[in-house]
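Labels run A, B and C following the written order; every chain starts at residue 1.
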C-alpha cells in the first residue's frame, strides 16, 4: 500500500513542506524572535562598534554594518530553523506523528518535506534581511551571483539546523529538549568570526574561531558581501553549509529509523 | 435565622457574556448547600465572587456578615476555599503546602505544625505528608486541598467541584469527610457539583443553576416531590388486572406499564405503599414484585430546564 | 484545639505581612532548588557572554575613550547586570506558572495584605539573582578581572541588587496585568533592549548615531556608570555615583508602584 513511487514521494514531501511553512507563518511567536532579535542585535552592535573598523588590522570594509551582514543573516536563519525542530516536537507531543506514521505514506519524504519548508522560509528571511540591511546603509558588492550564493548558503544552513533540531525532536520527543539545544548554535555563531575579526582579538578566541566551521562559512559569505563575487568564496561558504547538512541529515534519518523501530 | 452566605442579585459579565445573571442565595448556618448545574452554568463564577477572587458586575454579597467587595480581607479570614482543579503545587510536599497555607493565614510555629499534623491525620495523608504532591493520586490531592482549606478553622467552607474526576471510592471518602466536618464543627458548606448523586447525598438544600440563573431551590426531597408523584409498578397476574386497577385508582392515576404490570402515580409518595399493598392483600390479589420509582434530581433539572444533566442519563432513566 | 482569629479589625497590613512575604520567598527558593535546570538556564547566558565577550572583543578596549585596557574588567559589571535582570524576571515567570495552575488563587486568598505576595516573589528572585551574580563574578575573577577600587565593589553590589529588584517588579507588573503564561516569553525582550541600548558594550563616547542618543537617556547607562567604578582606571567618583543612585531610587519606586497597582486591581 505504501506509495513508494517517485511521484508520490514528491507529492508527500510537497504537502509536508506546505504544512510546515503554514505552521510557522501562522505562529508569530515562532518566527518573530528570529526576525527581531538578530536585527536588533545588529543595530546595536553596528552603532556600538562602528569605530572599530579604524583599528589597525581590521579587514578592509566600508562600515561595521556591512561587516555584520553575514552574521545577522546566519543568526536569523539558525534561529528560525530551530522552530522546525520545535514544530516536530510539538507534533510528536500532540500525537500527530503517530497518525502520520500510521498513514500509508513513506516517512522519509515527510522529514524532507519539513526541511524543504524550512529552506523556503530561510530564503525568504535572507532576502528580507538583505533588503533591510541595504536600506539601513550596508553595501553588498557580490551582485546577483553573490546574492544567489548567499541565499544558497542560507537555505542549506537552515536545513542543516532544522535537521539537527529534528534529530533531537525525534530522539527525545520533547519541545524543551529542542529549545535546550538551541544555545549550541547560538554559541557556535558567537565563537566565530561573525561579530568581530578574531585575528584582532587574538588569544584563545582566535584559536577557537579558526577551527569553528561557522567561521569558514561566515568568512566565505563575507567575502561575497564585502569584496564581490568570487567562485572560491562562494564554494567555501556553500561547501561548509552543505557538509553540515549532510552530517545532520544523516543524524535525523538515523533518529527517524530508530523512532520507527521503537 | 442566621445566614453566613447571602447573595442578592449577583451578576457577573465577561464582555458580552453574562455568566451569572442575578443570583440570590441564602445559606443558613451549619447547612451543607449544594449548587448543582452543568459545566458553564455559572457555579464557579458565583463561588469566585463569593470568595473575593472575582469582582461583582452587579448585586451584593456578604459572607459571615462581611461584604465581599468592601471587606474582602475579613471575608478571607473566615472562609476556607478548595477550588476546582485542585490548585496544588506538584513539586512541593503536602506538609510544606500546609506550612505555607498556615503562615498565610497568620498561624505560625508550633500551633501551625500541630494543626498541620492534625489535619493530615484527619484526611489520612500522614504517611504521604513528606512526599511531593506530584506523586499523589487524584483523591489524595483533593483531600490535601480540603486540609489546606481548613488550616484556619474557617466558619464557611467553599468547595468547588470537590470530587470531579474522582473514582467512586475516593468520592465516598471525601463526602464522609465533609459530613464529619459539618457534624463536628457546624461548618457551613457551600459546594458546587455537576453530580446529582453528590448533591442528593451531601446537601441539605440545593440550588439548581443553569445559564447563570437559579432555576430551582429547596430540599432535594421537596424538589423531587414537586416534580410529581412517584411511579408505583406492581407485578400482578394479568387476569386480576381489572380488579387491581379499580382498587388502585383511589391511590393515584393509572400510568402506562408493561403487560404483566399495573402502574400508578402514587399520591402521597412512599409513605402510602404499605396501605396500597394492604388493600390489595385484602382482596387476595397477589403482588409478586413491586417497584417505586421516585423522581430524581435529574427529573427536577429536566423539568426546570428541558434538558438532562450531562452524564446523568443512567441515573435519570426513571 | 482552636486558633483564635481576630475578625474585629481591618488591619490588613498588620496580618503577618513579613511572615507571609517570607513564606512566599521560601517557597520560590524550595522550588528553584528542585528544578536545577532553571538555575542552569539563568547561569548560562551571563557566563557564556562574559567568556565570549572577553575573548571576542578583546581588541575593542584599544579604541580611544575606553576607561580600562582590561576587557574582562569592562564587561564583568554588565554581565552581572544581565544575570541579575534575567534572574529578576524569574519572579514574573514563577507567578505566570502559578496563575496558569491556579495556585495563585491560593495566595490571593490570604487575609493579609496581598503586597506580601509581591515582596516575597521579588525576594526569591533576588536570591536567585545573587546566586547567579556570585557565580558570574567567580568566572570573571578566573578570567582575570580584578577591582581597581574596592570602594566601588559595594556600589556594584547595590546596583546588582537594584537591577534584580527592578527586573522582578517589571515582570510582575506585566504578569499581574496580562495574567497569561503564554505572554511571559516576551518579557525578556524589554529587558534585553534596555540593557543593550546603553553603554553596555562600549562607553557612550565611543557609540555612534542613535545608540549614543538613546544610551544617554537610558537609566541603565547611569547604573553601569555606578557599578563599573570598581573596575575602571578612574576609580570611584561622586560624579559617576549620584546618577546611578537617583536611577535606582526613581526606577524602583516607579516599577514598584506599577506592580503594586497591578496586584491591587488584580481581581478581574
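Simple rule for what comes next: a contact is a pair of C-beta atoms (placed from the backbone, for glycine too) under 8 Å apart; a residue touches a chain by one contact, two chains touch by 3 or more.
If you're wondering where the values come from, they're calculated on a predicted model, not measured in any experiment.
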Chain labels contacting chain A and also chain C: none
Middle chain, criterion being Cα centroid separation: C
Remotest chain, chain B as reference, centres from CA atoms: A
CA centroid of chain A to CA centroid of chain C, Å: 33
Chain A and chain B: spacing of chain centres that average the CA atoms, whole Å: 59
Computed distance of Cα centres, chain C from chain B, in Å: 48
Touching residues (chain side chain C, partner chain B) in the complex: 1-3, 5, 7, 10, 12, 15-16, 19-20, 22-24, 26-27, 30-31, 34-35, 98, 101-113, 267-268
Complex interface listing, chain A residues touching chain C: 29, 36, 40-41, 43-45, 47-52, 55, 57, 183, 187, 190-191, 195-196, 198, 200-205, 208
Residues on chain B engaged by chain C in the complex (per definition of touch): 51-55, 64, 71, 73-74, 76-79, 81, 83-85, 87-89, 91-92, 96, 99-101, 103-108, 111, 114-115, 118, 148, 152-153
In the complex with chain A, residue positions of chain C that touch it: 44, 48, 52, 55-60, 62-63, 182, 185-186, 189, 192-193, 196-197, 200-202, 206-212
